[in-house]
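Please find the structures below.
Note that chain A is present in both complexes that follow, paired respectively with chain B and with chain C.
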Partner chain A sequence: MAGTIIGSGITIEGEITSDEEVVVSGTVRGKLSVDGGVTVESGAVVEADVAAGTLSVGGHVTGNVSASDRVDLLAGGRLVGDVKAARLTIADGASFKGNVDMDV
Partner chain B sequence: MTTPSTIGRGTTIRGSIRGDGDLELHGYVEGTVTLGGDLQISETALVKSDVSAKRVFVRGAVAGNISATEIIILEPGARVVGDVGAPQIGIRPGALVRGNVATGAPLPPRPVHVAAPAAAQAQRGRPAVAAPAARTSAPAARAPVHVTPGRPVHAAPSRPVAPPPVARPVIARPPPAPHPVAPPPPEPEPEPEPEAELEAEAEPMMEEEPAATEEALEAGASEDSSSPPPPVVPAVPKGAKAQVRRGRGGK
Partner chain C sequence: MGRAPAAMQPNDLDSISVLGRGTRVRGRVSGEGDLRVEGAVEGDVNLTGELLVEDGAEIQGNVEALAVTISGGLTGDVMARGPIVIRASAKVSGKLGGTEISLEEGADFSGRIEAIFDMPPELGGKPVGR
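== the complex of A and B ==
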């Protein structure tokens, strides 16, 4: 069970730091720094720079993203911003605009 | 419609949380929390912010005002430093509160709070001379403040705005302190004021006591020490009072 769930009715503006899994179904603006996994559900809006272990995007993310492990952009997901991650997957049906840095 | 929201123990949020859903807090929040639904603040939570929601259940620590449109329940283990306002309030045995508690209406919006310290500050700088004259009118000046039902909580902090209270703290403040909220041993205080007023007074006491004390000391050092009156002020030579009054009248 995820440690932190930001439900669809909730808007957080500011800085979120966490060392456990974070699931976003609502709206986050500002900054999101998580040691564990971040899941941006379909319908969620994240307008923030995101740093995470793993990031899975089913909703809309605007901001630069860095993940120590991986970033998964799921079908229906939308990501606008630069991505820095060891691994990146972009599913069919996802939209993405930005640069990718995979530490080659 | 809205999924249940949780802020986990390992999570820190600095900023505002808004929404119309329910929220469970287990982590650290600094900022403001405004919800249309229920808010649960668990044992592990530390909230340093003003909080408002439809219903609020507190088991953890809150440093800030709590306001609800329906009900606030402080469960055992709750530690609240701040004002609490809602139509219904429950404080269970084992909950700690330090602040003004008011049933009837949610707390008024913030701004009042902000203005108060500034006013108090200005007040501090004011010459003590103004005090005695004003003191006589003090009760009158205070009355309107407490009458306003909409703002029971912040009425008190704003009180220093009126000149009278400057000297008053020395006289009036110490007694009410022990009363409703403050921890120190209660002393029966025959003040004929309504309970609501005592409550209102209790809060500023805690927040401003140091200032008041300073003021008292200052006053004690200066010529004014003699003028302020009776009950609490330490030994004042009998003639001094009249003397000072005369001196002031001359000015």
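== the complex of A and C ==
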């Protein structure tokens, strides 16, 4: 079970920092800095800059994203913002607008 | 880990939110459903459901929720539409308002308690507390 779960009815406006896994099913506005994995579930809304170890996007993310390991944009996911990550996958059915920096 | 009351057992995973031990929020937390805080929150919390502040957790801000159970630290005013329970391990400072307020022996509390309830008819039958 994830350390932190932001449920579908919950909105957090501000800055979240965590050193454990974070699952967002609700709404986050502001900034999200996580040492571990971040999962943005389908139906979730993240309007924030995100820094994470790994990021998996099934919902909507607006903001610049950086991951020390990888970013996975899943089918149905939407990401508007720049991505900085060593590895990036964009699934069929996902939407994405932004620049990619794979640090080459 | 602290104990969770029966109402917050994972029968409906969608409505359960947890801010884990390693998580710190600086800002506002609001919304529907219950929330368990094991980490730190600096800011106001406004919920339609129940708030559980676990032992080791720290909240600095005002809280509005259906019911509030505090085992950790809380600095700020708490307004509950239902009961407020302050466990023995809690450190609470602020004004508490709710229908029922219980304070366990050993809890560290400073502030004001305003319980809103009806007086029995022989004492006038009028609501007191506020």
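The criterion applied here is as follows: the second predicted complex is superposed on the first by the 104 of 104 C-alpha atoms of A that agree within 3 Å, B and C clash if a C-alpha of one lies under 4 Å from a C-alpha of the other, contacts with A are read in each partner's own complex, and residues count from 1 in each chain.
Following the convention adopted for this analysis, a contact is a pair of C-beta atoms (placed from the backbone, for glycine too) under 8 Å apart; a residue touches a chain by one contact, two chains touch by 3 or more.
For clarity, every value in this text was computed on a predicted model and none was experimentally measured.
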Joint occupancy of chain A by chain B and chain C, clash or fit: clash
First (chain B), second (chain C), both or neither touched by A:Gly3: both
Which of chain B and chain C A:Ser42 touches, first, second, both or neither: neither
Which superposed partner A:Ile12 touches (first chain B, second chain C, both, neither): both
Intersection of the chain A residues that touch chain B with those that touch chain C: 2-20, 22, 25-26, 30
Complex contact set, residues of chain B against chain A: 1-23, 27, 31, 36-37
Chain A residues touching chain C - in the complex, by the definition given at the top: 2-20, 22, 25-27, 30
Residue ranges of chain C in contact with chain A within the complex: 14-33, 35, 39, 43, 47-48
Parts of chain A lying in touch with chain B, wherever the complex brings them together: 2-20, 22, 25-26, 30
